[in-house]
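The following pair of complexes shares a single chain, chain A, combined with chain B in the former and chain C in the latter.
Coming up: the complex of A and B.
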């Protein structure tokens, strides 16, 4: 399978999921500041990794696409809910080539739309009972509960570091944080849920945890790198926004551990300012230092290494399954995570 | 039953519920910006209407207190989640005599704690399955889903009015908004859920809707009145905060419908300013106008009238049940809603 075919499959699963989402959004008042926004936001697109991994894992384990569709809808709705709140929390300006929701409406409305998306995202899990039976449906509900819990824990770690202007972070702290904030959400639970559905609950879901951890960390590190060096239009967010937001990335942690004391003081001072007082020129200087000290190369290498570990895990778990397009899709998503440019 | 006994019973049910809440908050990292805040926030207290109504309805219908305790914990956790986000959305400064959570931490952390509280609030509903069986437990889950959905819809209406600086609202708009934002949450669903548990699912929950609507609107209007005229320390929020926040209350709607054109222009101009640019002196002037035009008296009368309607509904539904302390508690909560001073 080549990248184009992979993207076509992801786009197909994403389109099906988007159709499913629209079935869950009520056609009623209040429209202007609730249901219209709920209906429009998911149309912004995105790479569709979460529904894609869920559906692909389901099919690779012998299930039908329809059996996974409610769960894929839930994953995508909760992901959107999370993005909306994340953007408010980070004071971000752009998301998927458009102004963030709080920028195009206001903070209050964006928080409320995120809350509504979170409630709405649970309805498909009730629908699951009709399709998958009570036992498997409840198991998936608990998977989702765990997923959201891990995400808010990861978010709390990251927000706490920013609030305290924490300067002495280690790579292990960063990896623990993105395990919680990204990996469970983006990889581990989508694959676990798909496999549970595909096997009608007869798989031990924990066996996907390492795979999802390696995939998710690789993905997130690469995402952080792209935030600094990608083509802005392709990437869909403001380049360097992470530095301005004070995000503790692997690059920043590496830089702060390797730069000279006076540079460290400059960085710490920059991070101690409120977001809106930080200057673009200072962010660019920090970006320069990241190049100088090899922080970006270091992060890229780490992402590659983790993707390699993910591939190894993938082959260990999936080699016993019959070959299929969906098995191949998961493999190619991992390979793509190493190579993607946006 | 006198007011003191009513408060003692509410305090008792509230304390039991708070104990229950603490059983659901994990004792683990991340503490500083997540689990410590989740553990502390519900300790601020509150009147405990929601768990009180739920437990009392359960017992009045012949159920045991323990059977309702998971649901009461859920109601209280979701209520706290809602308050945290509501305070961010309204840019409020005080809640229950303390700085709001976003004031004492920051906006990002408060949003995330609210999200975490919302997830955590669902765990007791899964626990319900062990105590009440699958069918009743699922019925309660759907009650809660509906409750949260109505609340975000009501919130969207209110936030939309503020954003658009809507000036031509009618009393009916206000009542529809608080039906959604307050009544389902504070009265209708707590009573419905309690009665469902007490009857093991053998009651038609819709028969409580009118009662809860009358109670909830009476409560909310009285709450809005107290925001303008209560003793600040007893009330626990800043007095007149609602005017500064631009909240569309019954008093404001009445005033804007009855004042002179030039006064209406002054009010509209005040409301069109961003919250932080509105002056206290101007808010006080609007408060004066509310007194002058009888807006506050009108609202008080409306609250009394609605509480009377609630009492009538209560007697219609509950007179067939055997007398009990809990039946009496619900009656007295309604009476208290008319008379309370904070």
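Coming up: the complex of A and C.
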């Protein structure tokens, strides 16, 4: 399977999931500042990793796509809710080549739409009972409960670092934050949920933890690298925006641990300013320092090592399953994470 | 392994080559140690977080459902018992009804022990575990089950499992040899948790029907495990 086929499969699963999302949106007022926005936001697209991993894992383990569709809808709704709230918290300007929702409406409306998306995500979990039975449906409910808990804890860690202007972070701190904020909900739980559905609850979901963790961390580090060096149009977000936002990336942590004391003071001073008072020129200077001290290369290497570890986990777990397009899809998502340009 | 079409094989081998290159790159000795360091550090973080999550969940369970308090009041326990446990109790009762004299003798002996124990000390209510397959099995098929034992007292406990045959409809039974318990004997230290595996290997001549077997600890009436399996032609 090549990258194009992988993207086509993800697009198919994404389109089906999007259709499912629209089925769950109430056709009633208030439309202008709630349901219309709620319906439009997921149309912005995205890579579709979460529903893709969930459906592919389900099918690779012998399940049917329809069995996983409610869970995929829930995952995608929660993901979109996280994005809307994340953009408010980060004061971001662009998301998927469009102004962020709070920029195009206002902060209050965006938060409310995000809240509505979270609540809407509960109903497909309830409907799972009809398709999967009480036991598996409840198991998936608890998977989602854990997923959301971990994600908000990870977000709290990162927001706390920014608020306190924490400057003494170690790589293990970063790995922990990414595990909690990103990995559980981007990779670990989508795969776990898919496998639970595919096996009708007969798989030990913990066996996918390392695979999803290595995949998710590799993906996030790569995403952070691309934020600094990618083509802005392809990437869909402002380049270098993470530095302006003061995001504690692996590159920033590496830089702060290796640069000279006077440079560290300059960086700390920059990070202590409110976001809107930070200057682009200063952010570019920090980017230059990241190049000088090899922070970006270090992050790229780390992402590569973790992707390799993810591949090894994948082969260990999935090699006993019959070959299928869905099994190849998961393998190719891992490979894509290493090779992608945006 | 399912057979693949030639073009799929070609595409797949391309992906595999890239994957091999990545893994080979990591095996390069110069970077192996850095890779190992990163992966070890990552794994440590994951294991710590999983352990912290389990601990936090147990604390919440303790707050939401005060197990010790409830166990001391069996009526309260019955009021709070969950639906799936009701089902388990029903199945347990069905199983008991269907069991032969051998099982009756066993349960009577267990009850006698429990009554004696109650006279001396207030014991927690029996814990019942239900093992069942999601799907029916066919004759000749195998299935693995696991359950966990936790010693919540301050004393070590010796466990020696005993099992019955699997009892089905119309007096049919499957010999207990079809069940393999691992470990069969164990000692649980205070606060220790151990996983026990039960492998069911249905004989090829097993008759269709719903079967139940009872697994107990010969030393402790609190351990009762009911195994329920549906055999289809």
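Here, the second predicted complex is superposed on the first by the 342 of 342 C-alpha atoms of A that agree within 3 Å, B and C clash if a C-alpha of one lies under 4 Å from a C-alpha of the other, contacts with A are read in each partner's own complex, and residues count from 1 in each chain.
One rule holds in what follows: a residue touches a chain if its C-beta (ideal position, glycine included) is under 8 Å from a C-beta of that chain, and two chains touch if they have at least 3 such contacts.
Fair warning: this is a prediction, and the values are worked out from it, not measured in the lab.
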Partner chain(s) touched by A:171 [first = chain B, second = chain C, both, neither]: second
Chain B versus chain C as contact partner of A:304, first or second or both or neither: second
Partner chain in contact with A:317 - chain B first, chain C second, else both or neither: neither
First, second, both or neither for A:213, with chain B first and chain C second: second
Shared chain A contacts, counted only where both chain B and chain C touch the same residue: none
Of chain A, residues touching chain C in the complex: 1-2, 5, 135, 146, 150, 171-172, 175-176, 179-180, 200-202, 206, 209-210, 213-214, 217, 301-302, 304-309, 311-312, 322-325, 328, 331-332, 334-335, 338-339
Complex interface listing, chain B residues touching chain A: 29-30, 32-34, 85, 88-90, 105-109, 111-113, 115-116, 118-120, 122-123, 126, 134, 138, 141-142, 145, 148-149, 152-153, 155-157, 159-160, 162-163
List of chain C residues in touch with chain A within their complex: 1-2, 4, 8, 11-12, 14-15, 18-19, 22-23, 25-26, 31, 34-35, 38-39, 41-46, 48-50, 53, 84, 134-135
